[in-house]
Amino acid sequence: MADAGTSGEARAEGGDVGGPLLDVRAVGVTVGGVRAVEHATLSLREGAFASLIGPNGAGKTSLLHAISGFYRPSAGEIHFGGRRIDGWPPHRVAASGLVRTFQRGRVFARLSCLDNMRLGARDHPGEQFVANLARPRARRRREAEVTSEARELLAAVGLGPKADDLAGTLSGGQRKLLEFARALMCRPKLVLLDEPMAGVNPTTGRQVMERIAQLHAAHSLTVFFVEHQLDVVMAMSDHVVVMAEGRVIKSGPPEEVRSDQAVHDAYLGSRRRREAVGRRGDEALAARAPGRDEAGLR
Amino acid sequence: MSSVFNVQFWAYVGVIAGIYGILAYSLQLQHGFCGLLNFGQVAFMALSGYTMAILVVKAGLGLWAASAAGLAVAGVFGVLMGIPTLRLRADYFAIVTIAVGEIVEYLASNMTSLTGGAAGSINLLGPQNAASYDGAWQDAVSRVQSWLGHAIGSAATATVATMAVVWVLLVLVALAVWFLVRSPWGRVLQAIRDDEDAAAATGKNVFRFKLQVLAVGGVIAGLAGLLFAFESATISPTDYDPTITFYAWTILVLAGTTSIAGVPLASVVFGILFAGVLFFTFPPFSYLGSADRSYLQLMIVGAALILLMRLRPQGLLGNRQEMLLG
Amino acid sequence: MTGLLQLVFDGVVVGAVLALAAAGVSLVYGGLRIINFAQGDYMTLGAYVALGVSSGLRLGMVAGVAAATLCTSAFAVVLEPVLWRPLRRARAGVLSLFVTAVGLSLVLRQGILFAAGGGFQQYRVDAYSAWQVSGLRFPTEEVVAGAAALAAILTLATLLSRTQLGKALRGLADSPELTAISGIDPDRLAVVVWALAGALAGLSGVLLALVETSFDTNLGWDQLLTVFCAVVLGGIGSTYGALIGGIVLGLVMELATWSGFAGGVPASYQLVVAFVALVAVLLVRPTGILGRSRIL
Amino acid sequence: MTAPSPFLVAEDLVAGYGEADVISGVSLSVARASLVAIVGPNGAGKSTLLRALFGLLPPRGGRVLLLEEGGSALDVTRVAVHRRAALGMALVPQLDNIFPNLSVRENLELGLGLRRPSGEQLAEVLELFPMLAARAGTRCGTLSGGQRQMVALARAMVRRPRLLLLDEPSAGLAPSAVEELFDQLAAIKVNGTTMLLVEQNARRALSEADWAYVLDMGRNRFEGPGPSLLADERIAELYLGGLAGAPAG
């Protein structure tokens, strides 16, 4: 595994090498009759370490669902590795090397952590009904490979001791770690991470991000993540995409995004506005203070 | 009235319980390990039973070849049923499968020229010509009976021999289910059961796995349907009543939905429950007329089911902790 | 043409009656995750209570209908603390609850047989009185049953959409835990759910018996699949959907027998027609008429 | 600030799922009208603690008390969940904290339980959350994560609770929304509502908290005023990703 130094170098170059791996062209997504994404366009070069930010309700997660095949875009095209993938079912998208995680950390609750990991592996003859029965030796060989790889990755995210526990017994943060590790089992070309650090404590979150960075460098892995922790986003990503109200309003290197006024207004919010909101809240609460005694203890 | 100590009677109960147990395994594979709610499993029994009977009587096929064809039809039907319905949400899928069970029964009683209609398989060659298909089965059973005779003497009646065959098949089915769910293929099924979206996100073709499990479950249910047809010598549409599926579900829930060892135990409990109430002929039951007594007996069966669920919601051998995991 | 109009009328009446039972199933499944396999037998119970009160006690049909509604409701309410609450406390799963309902259904149906015997029954109403309007025939009991069912549907819809209790019931379907956090006693809501479901089943049962003019202890059991179909057709979990699904299904089943429609389907095919309609709707709208599509 | 009098006290709480205890003997005290934060690594038992305090997970040991200003104490350890709203307790769970098939307005109305809502009560809350006023008729299931979080907080506030328990309210929120959230919490505190907050965003939570507890392996590890814990190098090293003293947010 590459050390942190080389990973930093690779990341610096990451934005410059290779052609576009993911190309999202004028995509629209409608969720439950509501237009969640409107005309979103962005492209990621191979080897990029990119992030997607934007205020709540901007359509980030909906866009992620569309890219990963869970939502069918109502407009536009999505290309991955030169192939048009919009309209593909999620499993086909995943099998083509584009793997995503979920905001909530979705694991297979009644399977052990180790089994969760094994499920991430690709090309397992044992998972084919006929080969499972007809080629026991190939099945066993692959199973052994997969198991040792799974244990390694589990240990790497700090879940080694939990290998034999049911995944349903893990805490919320541990589930996200397991899910991320499972995504890596697929040896993806591109991983989409939906808020990898939300619900994970900062120390672990940083370890996760560092781990992602290492793999990014070592395996020419392209990473695209939604995250709200701006310090992390700005420090780690070489490319930042900003969404607001269903549209991509800005896309570029972090320093450029940080200084953009439109981004600032839409996302970071001006301090003055926040203070105004706060004051209005104070007044509203002060006004109703007399009514508070009604919920007294009996 | 049969006696509590009548071996013949209990062997017959054992045959029926074993067949329901095999049907319960088909549900266990589909529901316990893949999360599918199938309330129309009886359709697969009917399809394989009828296919076998029709091929033997009308096409002159040998019983075993016809039986294999019956199983194949049940498996293929699983795929055919799955293609339009599997895209539905789980609870919608469940109700549609009930409909499938009803429609198959309905077609069996109305397509008289093919199935013999409401009169059943005996009518396959027309009203003047009673048809039968189970000659080879009877021969096989009497061979088993003579083997058993060496071991247990005169207790080895034809019914006892049938019971032995059914339970050997049940154990084979149990082993097959055990092997499948512990294989990587079965692991994918369980992943689908726990979180379909996450399974798709790891590149599993959820639809294909579900089709496969419908086909495999269909074959197992088909086996139950064949045994049912063999055991009763002639079949009619009402033999494959949709309530049979619910009995199999009851066995599965009693067993614990993922407990493979629980199914035979639950089948026995279920058999004893349904047959046992027939012996409630002592006072106060003996004061009642036979109709009233049979009503009361079924009420007791219902009450016993309620009580069992109340005492062990996770089933006899089910794992409570696992049941509670989201 | 009059034949068609007559079928529309019949369909609306039968559909509205089924819609009541379906709404009960939907409330219980939505709020308590119980697939009430015994709903059909609750209907039968209502029909027999009405028989006892109107014919046995000679109190008339209005009293019979009222008694059917109230007694079935009371019966369902009594079972909540005795049967369902302990299972909820043990965190029984959907299937355990389902098997319990199967057991309950067996007990109820056999119990009614035990108490009332087999054989067909009729209410003491004039089965031949009817209004004739330009070739159409409106039998009195069908008009009354249809009107009563529609009134009950409107009352229920208003209760659910306008009252705080109705919102709480819909909230219960979304998240029982959050309902409790909001300060609402889930046990009390469960009692309300059963009271409503029982009343709807009882009313539906007696009205169905009126429409069918003669009935036996399989009255509700025979309709159970149709009722479930209505629930699914409307969209599982949506009580409004169940109401609409019931009426649509009633119409489809009656209209399928119209001679102008490829000679008409024999009446014995009605259940198959119902299923075919259901499957057809689900293929176009996989979550039923009012069901919500899945949002990740 | 006057000497803080405790409002919520937990003594030696033990709770867990299945056979294992997730928290084993946690004690804490929350002063009246203060904001207390609970931080710690994943699996430390933070959410479990909150669920145990509110009775969603009945504690296996220990007790939970509400102390009145008069000095009387009410043992609420075994009080049913639905009775707590009437005692002035409110909880905002992290997940499943809204009714997805109900509109925003109906969600807020259900915050009052079965009592008929007055337009005035809703208007007050909507004023505090102007974003929701514009979406009063929207079905909550179609809202984004941050908007849902806002509905959940608003629903808890409709009752004017005296004690508000929050489970990771900032998870999944954009920075501006996190700022708004903490501004709102500050405003709620001004009004005298006592708050207990479980947070992953430990730096932000600690910088706002009057007092904080660090939980690890289901036990109390450290406690102290939020900002001073934030400055503590041991804690920073263990739980905050080694960024002691870094500016919050």
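For clarity, chains are labelled A, B, C and D in written order, and residue numbers in each chain start from 1.
We adopt the following convention: contacts are C-beta pairs under 8 Å (C-beta built on N, C-alpha and C of every residue); 3 or more make two chains touch, one makes a residue touch a chain.
Worth saying up front: this structure is predicted, and the values here are computed from it rather than measured.
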Subunit A to subunit D, fewest steps along touching chains: 1
Any chain in contact with subunit A as well as subunit C: B, D
Remotest chain, subunit C as reference, centres from CA atoms: A
Interface with more contacting C-beta pairs, comparing B-C to C-D: B-C
Averaged-CA centre spacing for the pair subunit C and subunit B, given as whole angstrom: 30
Separation of mean Cα positions, subunit D and subunit B [Å, integer]: 52
Inter-centroid spacing, subunit B versus subunit A (mean Cα positions, whole Å): 45
Residue numbers of subunit C (touch at least two other chains): 292, 295-296
Touching two or more other chains - residues of subunit A: 31-32, 70, 102, 169
Per-residue multi-chain contacts in subunit D, two or more chains: 17-18, 86, 141-142, 159
Subunit A contact footprint on subunit B (complex, rising order): 183-185, 187-188, 190-191, 193-195, 197-207, 212, 216, 258, 322, 325-326
Residue ranges of subunit C touching subunit D (in the complex, touch as defined): 164-165, 167-168, 170-171, 173-175, 177-186, 237, 292, 295
Touch list for subunit B against partner subunit C, complex: 31, 84-85, 87-89, 91-92, 95-96, 98-99, 102-103, 106, 197, 246, 249-250, 252-254, 257, 291-292, 295-296, 298-299, 301-306, 309-310, 313-315, 323-324
Subunit C to subunit B touching residues, read off their complex: 83, 86-87, 90-93, 95-100, 102-108, 110-111, 113-114, 118, 225, 228-229, 231-232, 236, 271-272, 275, 278-279, 282-283, 286-288, 291, 294, 296
Complex contacts: residues of subunit A adjacent to subunit B: 68-70, 89-92, 94-95, 99-102, 106-111, 115-116, 118-120, 122, 124, 126-129, 132, 139, 143, 166, 168-169, 179, 182-183, 185-186
